[in-house]
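In the two complexes that follow, chain A is the common piece, with chain B as its partner first and chain C second.
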Partner chain A sequence: MTGPAILFDAVDLTLGRTVILDGVSLRVAAGTVHALVGPNGGGKSSLIRALLGQAPHRGTIRLDWPGDGPGTVAYVPQSVEFDRGLPLTVEDFLAVLCQRRPAFLGPDRRINYGAALDRVGMAGKARRRFGALSGGERQRVLLAQALIPAPDLIVLDEPMTALDEAGIAIFKTLLAELSAAGTTILWVEHDLAQVRRLATRVTGLNRRVLFDGHPMEMLSPERVFDLFSAVPRRAGAERIAS
Partner chain B sequence: MSFEALRALVQGWAGAGLLPAGLTHGFLVNALLSGLVIGPVLGGLGTLVVTKRLAFFSEAVGHAALTGVAIGILVGEPYTGPYASLFGYCLLFALLVNYTRNRSNLTADTLIGVFLSVSLALGASLLLILASRVNIHILENVLFGSVLTVDDRDLTVLLVVALGVTALMLPLFNRLLLASFNPALARVRGVPVKGLDYLFIVLVTVVTVASVKIIGAILVGALLVIPAAAARVVASSLRGFFLLSVAFASVAAVAGILLPVQLALPVPSGGAIILAAGLLFLGALLARLFMKGEEG
Partner chain C sequence: MHHQIVRRAGAERETLWVLLAAGVILASATLAVGLRAAPDAEAPLAAHLIDSRTGLTAAEQGLYADLKAAGEEIVALRTAAGRAPTPEELAAEALPPFAADPSAAARGGHTWTFAETGHEIAYAGVSAAPELAGSLVLRLDGHGADIWLKRAAEAPPAPPEDAALSAAGWKRIVSTFTAGVNR
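Coming up: the complex of A and B.
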């Protein structure tokens, strides 16, 4: 099965008196790498939460699955909140996420955790304590969990933030493999250079959709400046300007 | 096998010198059985309590039991086991705390502190009103536990609660844990985070209430926390964490029930159980320090 197309139609999201999303309409084509960019507080993560059914919103969000029923949705969060001293190995962490059998009884041998860890360059680190990993290694494990089972739609929330050079190379390979397999990839990212290289389409979001199209056309300096200054957000504008 | 037959069997073995002589007393066999039933469950559930940072909550639910007992006596339940009021009040207390936690901007510890104080004030007031109606010293058993008062009905309650909680906890273990790591990721994985949140609160509450008779309202929360904390100190994997916590809680429960009788110490069972758990925790800390020293 290839991934679904996603339709956002006039999506509004308000928290208290703050408008987070204002009439957001966009279409994510099936099997594409679609990047969401915008300033902090621009609504990128909120749009993802709305897509995942975790934020009350108005408007329509529809997934058009190509087959008879819905496929597998995977999500890679920016981070996980947990006690760093918890006696939890990488394998334990994956077992907690991916299997029904209680993780303290050990990994379900029907699930190939080793292969997923291998794909993110973490082979041989299954017995390492999860809390003792570096931020980049933890991010790789979060990517690995999204591969079990093979996803049809994967939602990535700033997955490159903590990655080092080697991790970024692995991420690029992974993105290419998933894309080749027809997986729909919705990718929140702040690194515009990587979006230019890797995404097939990009949407600029700052409460509203400010642009939507091919990254090489859309991410011109003027558009990026508009995106980050549509609502005054000095820090974002300064970062781009620098 | 009925409790009576099991009791007779254990007493027979104790009489033949195969088990400690104290177990020739039926009441001590009852207490031992309750410790063996509830110890592993408290140890297993404790790993989730510690991971989900609900130690203070479990303490508060235990303390709420005091008020539950007072209400029970007030409405005419037997003071030896006012289970309807105990379960009813403690469940109400726990669900209210959780409901309010999800809807206020207060941190969990502040909110629990507020509810706990109000609940204790209510319990203390009711107990003063009741002082003329019951021997107030009986309430010492409620506060600190007693091996003398465990009867077949208490054993049945413990067994039903232990089996029910185990039957729910084991298949849901991963999901309960995942919900505390990242609720959004958990929901994508099909975990009903809020529902499981409430279910976990209910599991902790019913186990706590069922254990009040043997450990006491003041100390019951500690057996959810201390063995798991000790296991967390020395374990290096989830398997070790869970199994050691179960083992520590079971050992503490059995030791706390048997040792005071064997050594003729005038210590309530609850106090002895928690002291035994505390010693295990101390041992775990020392072992950890020793291991660190070895590592250099």
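Coming up: the complex of A and C.
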């Protein structure tokens, strides 16, 4: 089963009196690596929260699954807030997130947590205390939990921010594997160089969609300056869209 | 192809379920109350009866309570002396309502007479002011007291039998107990 196509149609999101998203219309094709770029506070994470059904959005967000029913959606958060002193091993952490059986009864042996950790280069660290991991290692564990069970749609919220050099290499391999398996990847990223290299399509988002297209064409200096300027030029966005 | 619409986060659905649950509870409660309602217990009194709680004036209620207490006293005196005491003797003992005191005057100023028919004795009080309190008859047999009332300044028929009293327009005072009685 390949991944779903995602349609955002005139998605608005207002929290209090703050307009976070303003008429965002966007199509993510099935099986693509679709990058979302934009400045801080541009609504990238909010769009993802809306996609995950956790935001009071208006408009339509539709997932078109190729099969008869919905498949597996995986989510890798930007970071995880938790108590570093918690007596929780890496395996326990995965058990909390991935299995139906209560985690205090121990990890479910039918689920191969070791293989997932192996894929992110964390083999043999299943019994390490989660609070003792470095930031990069924690980010790898967050990647590993998204691989159980094998995802059809994976939503990544700035997964490379905390990763070290080796982690970045592993992430690239994973991205290639997932993409080859037909998984739809929606990827929020700050690193425009990586987006140019790895994404098949890129969308610039600053409250509204400023551009949407192939990374090589879209990530020109002029557009990037426009995207990251304090006041996004609506007229310019419309010119580009047409 | 399966289309999945991502629903907005919010409490609308929960609110709807809560409102539905509240509606179901209200509807079932209304149904239960409607089906299990107690039948109207306040059957109308017969024509020759009058309710002591709702039918009497204030003075009549006082006289009725005094007569019930006096009835027990009279039965005791009759047992002790072997004959029924006359109203004059009761007045001498200052037993209300026979005693001629300001209270009796304020409650109609009844003139009490006495009649004895076999085992049954009766005290009849003719009211001087029927608008304050009607005329009263206290009948005592071996078992208890019967008190009859007529809102007129007239003496009861002799002998004061049930049928004769009813025919003359007298009404027996009874206490009915309904859902409104709370003491």
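Note that the second predicted complex is superposed on the first by the 230 of 242 C-alpha atoms of A that agree within 3 Å, B and C clash if a C-alpha of one lies under 4 Å from a C-alpha of the other, contacts with A are read in each partner's own complex, and residues count from 1 in each chain.
Criterion: a contact is a pair of C-beta atoms (placed from the backbone, for glycine too) under 8 Å apart; a residue touches a chain by one contact, two chains touch by 3 or more.
Values in this document were obtained by computation on a predicted structure and should not be read as measured data.
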| item | value |
| --- | --- |
| When chain B and chain C are modelled together on chain A, clash or fit | fit |
| Superposed arrangement, angle subtended at the Cα centre of chain A by chain B and chain C, nearest 10 degrees | 40 |
| Contacts of A:Tyr113 with chain B and chain C, given as first, second, both or neither | neither |
| Which of chain B and chain C A:Ala95 touches, first, second, both or neither | first |
| First (chain B), second (chain C), both or neither touched by A:Leu63 | second |
| If touched residues of chain A are counted for chain B and for chain C, the larger one | B |
| Which of chain B and chain C A:Gln54 touches, first, second, both or neither | both |
| First, second, both or neither for A:Phe104, with chain B first and chain C second | first |
| Which superposed partner A:Phe228 touches (first chain B, second chain C, both, neither) | neither |
| Partner chain(s) touched by A:Phe82 [first = chain B, second = chain C, both, neither] | first |
| Partner chain in contact with A:Ala74 - chain B first, chain C second, else both or neither | first |
| Lowest inter-chain C-alpha distance for chain C and chain B in the superposed arrangement, angstrom | 10 |
| Footprint overlap on chain A, comparing chain B with chain C | 52-54 |
| Chain B residues touching chain A - in the complex, by the definition given at the top | 47, 51, 53, 170-171, 173-174, 177-178, 180-185, 187-189, 231-232, 235-243 |
| Residue ranges of chain C in contact with chain A within the complex | 1-10 |
| Residues on chain A engaged by chain C in the complex (per definition of touch) | 4, 50-58, 60-70 |
| Chain B-facing residues of chain A, complex | 49, 52-54, 73-75, 77, 79-83, 85-89, 92, 95-97, 99-106, 127, 129, 155 |
